[in-house]
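Note that subunit A is present in both complexes that follow, paired respectively with subunit B and with subunit C.
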Partner chain A sequence: MSSTVQKNKTWPVIFGIVGVIVIILPFFTGPYVQSIGRTVITYMILAISWDMLIRSGQLSFGLAGFFGLGSYAAVLSAVNLHFNPFVSILFAAVVAGLMAFLVGAVVLRLRGMYFAITTLALGEIFRIIIHNWTSVTGGPNGKLLPKLAFDGASIPTYAMMVVFALVIIALSEYFKRSKIHYALTAIRDNEIVAKSSGINIYKYLLIAFTVTAAIQGAAGAGFAQLYGFVTPESSFNANYTLIPLAMALLGGMYSTWGPVIGAVLLGVLGEFLKLYIPYGHLVVYGIIIILVLLFMPQGIVGMAGKLLKKGESHE
Partner chain B sequence: MSKKLSALLFALMLIVSMGTLYATGQQGEGEAKPIKFGGVWPLGDITGDQAAKAAQLVVDELNANGGLLGRPVELIVIDSELNPEKGAAAIERLATVEKVDFFVGGMSSGVHLGQIPSLKKYKKVTMWTGAASSTAEAAVGEGQDWYFHLHPWDYNQGNSYVEGWDDIAEKYSNISIDRWFLAYEEGPFGSASFAATQTLFADMEIDGEAFQSAAMGGGDYTAVLQRAKDYNPDVFIWAGYGADALPIMEQAKAVNFTPPLFIGAPPGWPSDFGDSSLAENVTLYGMWAPSISKVSAVSKKFQDAYEAKYGETPATYFAPLGYTSIEIIAKAVEQAGSVETEAVIKALKAIQYESPLGETISFSPSNVISNQGFRNQKILQWQNGSQEVIWPFAFATAEPAYPFTR
Partner chain C sequence: MNKKKIYTIAGISAALVLSVILLIIKPTILVYGIQRAGIYAAIALPMALVLGIVHIVNLAHGEMMMVAAYLSYFICTTFGLDPLVAAIPTGIIMFFLGLIVFKTSIAHTLEAPELNQLILTFGVAMVLSQTVNLIATSQPRKISLDYVSASATIGEVSFGIYDFIFPALAAVFLAVLIYFLKKTRIGKAASAVGQNPRGARIVGINVDLTYTIIFSLASMIIGVFGSFFITKFSIFPAVGGTFTMKSFALVAMAGIGNLPMVIGASLVLGLAESLVMSVPHGAGWTPMIFFGLIIIVILSRSFRSKQ
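Let's look at the complex of A and B:
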């Protein structure tokens, strides 16, 4: 028993060391790795936010929609209201969160695939409005930011994204450890039982949807501040829905660390494959994802947990 | 169990660390001896694939002739994956890990917008083959002397179409161009084309409608084609991507839509489009066609060399653009006798370059930037499976087939 306790203590220590190495390493490896790091973190934040909502059983395909909405909110507020980068990111989070709150009040009565398709359509509606509202959004040509966050300097922008990621990880962990977690898990497991236990299903789903949309909006704003532009096609790109989803599935759902590990592995793997298999790397990338999901459907974190339990039962 | 768990965690750490180290490459090694060109193109797309191959062709030719300033020449190409973040990361890698001397490449304005902050950070001599959107030109801004742009901007292209069709209508009195219908993909490329057409052909009757390109998950054009048919235009033009080319022709046939002039304006055509009977007499815009080899010795030399090396015909104008991007810098380096940025910029500003696209170009200011190369597109037509030039008349390889018949 005591050795199990000891092992359970070493697990977070080793995990923490790995995490610190992964975060710190890019500071010493130059702008290229920092650039990859920023991209990985952007997708990681999206993956965590998607996972935070799926913990309630609600499958959202609206990531790209709120990401794009946040991008535009940040750029338009910076251009028209002269908000500084940080205020524009916060503003974008508020805009995306508010939009999710208003829309969620209606669509959160839907469940399963109906909710998923609605969120997908929502993103498309945002994109079409922005595409056609040329006088405000610049239409298909988009808008340029007059000035990038930290003038685009690599280290401060990477540091900004690291801080952003840590905040979202902390928020996700708070969700995991607070009563919200029990409410969302109960809703996912059996809504009728949850309701008869006094859980206000609608309230908790609305909280989760609003918070995760705000995170996605802030991630979009971060993207805009890093690259200095928005266009409907880039900002609402389906990649911002599909890639985080693959990352969360690979790492393992219903946890903070699954999406984190999935994002780091797939982000680094994608870049590695591109450099060493310039032609056909996307095919190899796709095959790896399929194989992992086939043979590790519970994801990396799920598999590690399973191994841990198995080992403990042998001792 | 703790051994298993530790092994798992260390394996994870190893994978991440190795990935990062591999990605970091050989940073910290001594200065590279070759003169290095860093290229960024979308290798999964025919435009980027052929541009990168053509660029490598010049590098091989230079090395076969003793290199540049007595030094070997190296080309490092990274796939942009048509993604702004990946395109920007590629610039960062080329600048800081590969330590290239020059940047070349480019296809897609959206990707270029993401790359411009990185390009501005390093200010290396940059010879860009893509990005037509004037938003990208605004993002580059004024006073960036290191930035050279080969591809015409959207307004350059529009102006050349007006000039071309006016010339054609004047020369061939049977060709009517008074009533236009533009079917355009709903992205920046198509929408900008429609806006530009409305402005440039303001004295003509114009209507249009957007469609979702097959490249973006669409592919049903029947509603747009039916509307165009009801409008009964003299000229029907679609502005989309290569993926739209065959489906749009098939669906036009299905709804029995045969306008007198059927124009397609994608940045790159599928390589086998000419093999389809549906291609016959379709008019298109492009900076180049293999048939230009009949009237340009430089173009012929390029095409022969490309076909000999790769066993395929360069099907997109990005191939000669990719070739041009390297060769024009190489010539400037030779003239400057140095790879030093200021010297190369000075040589490039003075250059008269006979390009494989047919024209002899020099750089001069456009609306915003200081160094714009090509300004014209050409009007071409698919005839007997190949693209023939019908305008400018100086490069014409065939008479226009009119009206369009199926």
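Let's look at the complex of A and C:
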């Protein structure tokens, strides 16, 4: 798959155009479009992080848990320790990563549905603790952030999220080209063979789980910086698990560009639908998950790759 | 087989000891615990059938219950029926809804990796809850009935009588399912299919039909439960989600394929939850019991299977 992307000249052109649009977008539009852009980019980062872990065959439903954990870590560190907004985002990444490292040491022995359900349960546990630990977290009412990054100015925060996304894209591409990728793919394809050929499965899974959780935590922290408050219901919302999953599936799993494309398409579509169907517009996401799984398991990137290949062979 | 029996006996005796202690210290906790356990067991049994017997992972389980409750609600408000009567049409409709859901989606993932089935049913869950959200909005709905508030007093303890309908319902479901699996042709076929689908096909069992019937039957049971659910609780589109998780945890706890033990697992969960609820400021922490339990159960089972 990745070889077709690398060889093909069409992809860099497409991404170049998209990149230019992303960069000039804030100068031609108002704060509303910029806020949609920030939301879409947040989901994009989550979608890439989910994809980075599923490359090992481990399905995580814990995105919302680490996202919420990160957003709370950022806000609480800013409130109580007077951290600078950017330091608090880094701090959130460290907290989420550390938590993933600790629980991952135990949980990563599980496979398939047991892993998926346990990650979901972990996220819920974080939520319940934060919900009930009123003296520290503010309980159901949440906490307000005293000082936003760039004082909440629209264009700089948008730029911040774009840079964040670029870093994650680069990280994901690095994962794809490094030794980690081969180890994780080997685990997904056949764990027993991977083990017998001397790959330390557990180590690589732990690295992937920790890194992706840190990304999710940082995404949560970034989102808290954009909105200026956290509550258990908004920060741990199941949407932060559902939407990135649908995005990565639609775009194409096991790649960097799949989640990116899926996030742009579904994110814009979702914001558009929200205007016309305030209740239940997410039904579209559910339908897309089902249809993609049944008819297009490789997503848009996979399909496009196939079509381009066909075109080339005809020439 | 012997090991299974030992676990069953150990589980039941643990639940019994816990019940006796509670009966002596605080009987109210016991009564509420049993009533809660009934609800959990009734909804976990159909999942035990689908997951435990034919090994289909259905993450839309709780959402199907939610859809059934809404169906029952609309049948009741439109035709002025009692929810307990509406259980019959709801069950029948849910049988066909289950059939449609299975045939259009899940059936295509039976041969695929487990991951696909997980994500797919996750999508189904999303479609169900969001469709209801679209049609009925997220406003909670409830049916008020007189007989639900009937109560009784024994000694110093007073409690609602109606809530015992859930343990009774769970017992009926269990009896029906055991009879179905042990005595009927399709039930026996289901066990064979669950153990070895290819082998079952070779000996002439209609595997596809068996899967379809098991899934539809489970949906029908969920439908009946949904009607009972609406008599006691208010419903909203997200109400099902926790029940998917709880059912999964209970089935995992009982041991895949061990239907009677679901009752025991539900008792442990129900009693523990009602115990925590009785502690001051404990109500917010009740979900911890369940999530803690699910992680402990899953981890201990996976470690045991490794050894």
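Note that the second predicted complex is superposed on the first by the 278 of 315 C-alpha atoms of A that agree within 3 Å, B and C clash if a C-alpha of one lies under 4 Å from a C-alpha of the other, contacts with A are read in each partner's own complex, and residues count from 1 in each chain.
In the analysis below, a contact is a pair of C-beta atoms (placed from the backbone, for glycine too) under 8 Å apart; a residue touches a chain by one contact, two chains touch by 3 or more.
The structure displayed is predicted, hence computed values, not measured ones.
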Subunit B versus subunit C as contact partner of A:Gly16, first or second or both or neither: neither
Most subunit A residues touched (candidates subunit B, subunit C): B
Contacts of A:Ala116 with subunit B and subunit C, given as first, second, both or neither: second
Touched partner set for A:Pro26, first subunit B, second subunit C, both or neither: first
Which of subunit B and subunit C A:Val106 touches, first, second, both or neither: second
Partner chain in contact with A:Pro156 - subunit B first, subunit C second, else both or neither: neither
Which of subunit B and subunit C A:His131 touches, first, second, both or neither: both
Touching partner for A:Leu269 - first (subunit B), second (subunit C), both, neither: first
Which superposed partner A:Leu282 touches (first subunit B, second subunit C, both, neither): both
Interface residues of subunit A shared between complexes with subunit B and subunit C: 131, 238, 279, 281-282
List of subunit B residues in touch with subunit A within their complex: 1-2, 4-6, 8-10, 12-13, 15-17, 19-20, 22-25, 27, 43-44, 77-79, 81, 83-86, 88-89, 92-93, 95-97, 110, 113-114, 116-118, 120-121, 133-135, 138-139, 186-188, 190-192, 216-217
Contact footprint of subunit A on subunit C as seen in their complex: 57, 105, 108-109, 114-116, 118-120, 122-128, 130-135, 137-138, 237, 241, 245, 248-249, 252, 284-285, 287-288, 291-292, 294-295, 298-299, 302-303, 306
Sites on subunit A touched by subunit B in the complex: 3, 7, 10-11, 14-15, 17-18, 21-22, 25-26, 29-36, 39, 42, 131, 138-142, 144, 148, 152, 154, 223, 227-229, 231-234, 238-239, 261, 264-265, 268-269, 271-272, 274-276, 278-279, 281-282, 300, 304, 307-308, 310-312, 314-315
In the complex with subunit C, residue positions of subunit A that touch it: 54, 57, 59, 106-107, 109-110, 112-114, 116-118, 120-122, 124-125, 128-129, 131-132, 238, 242, 245-246, 249, 277, 279-283, 285-290, 293-294, 297
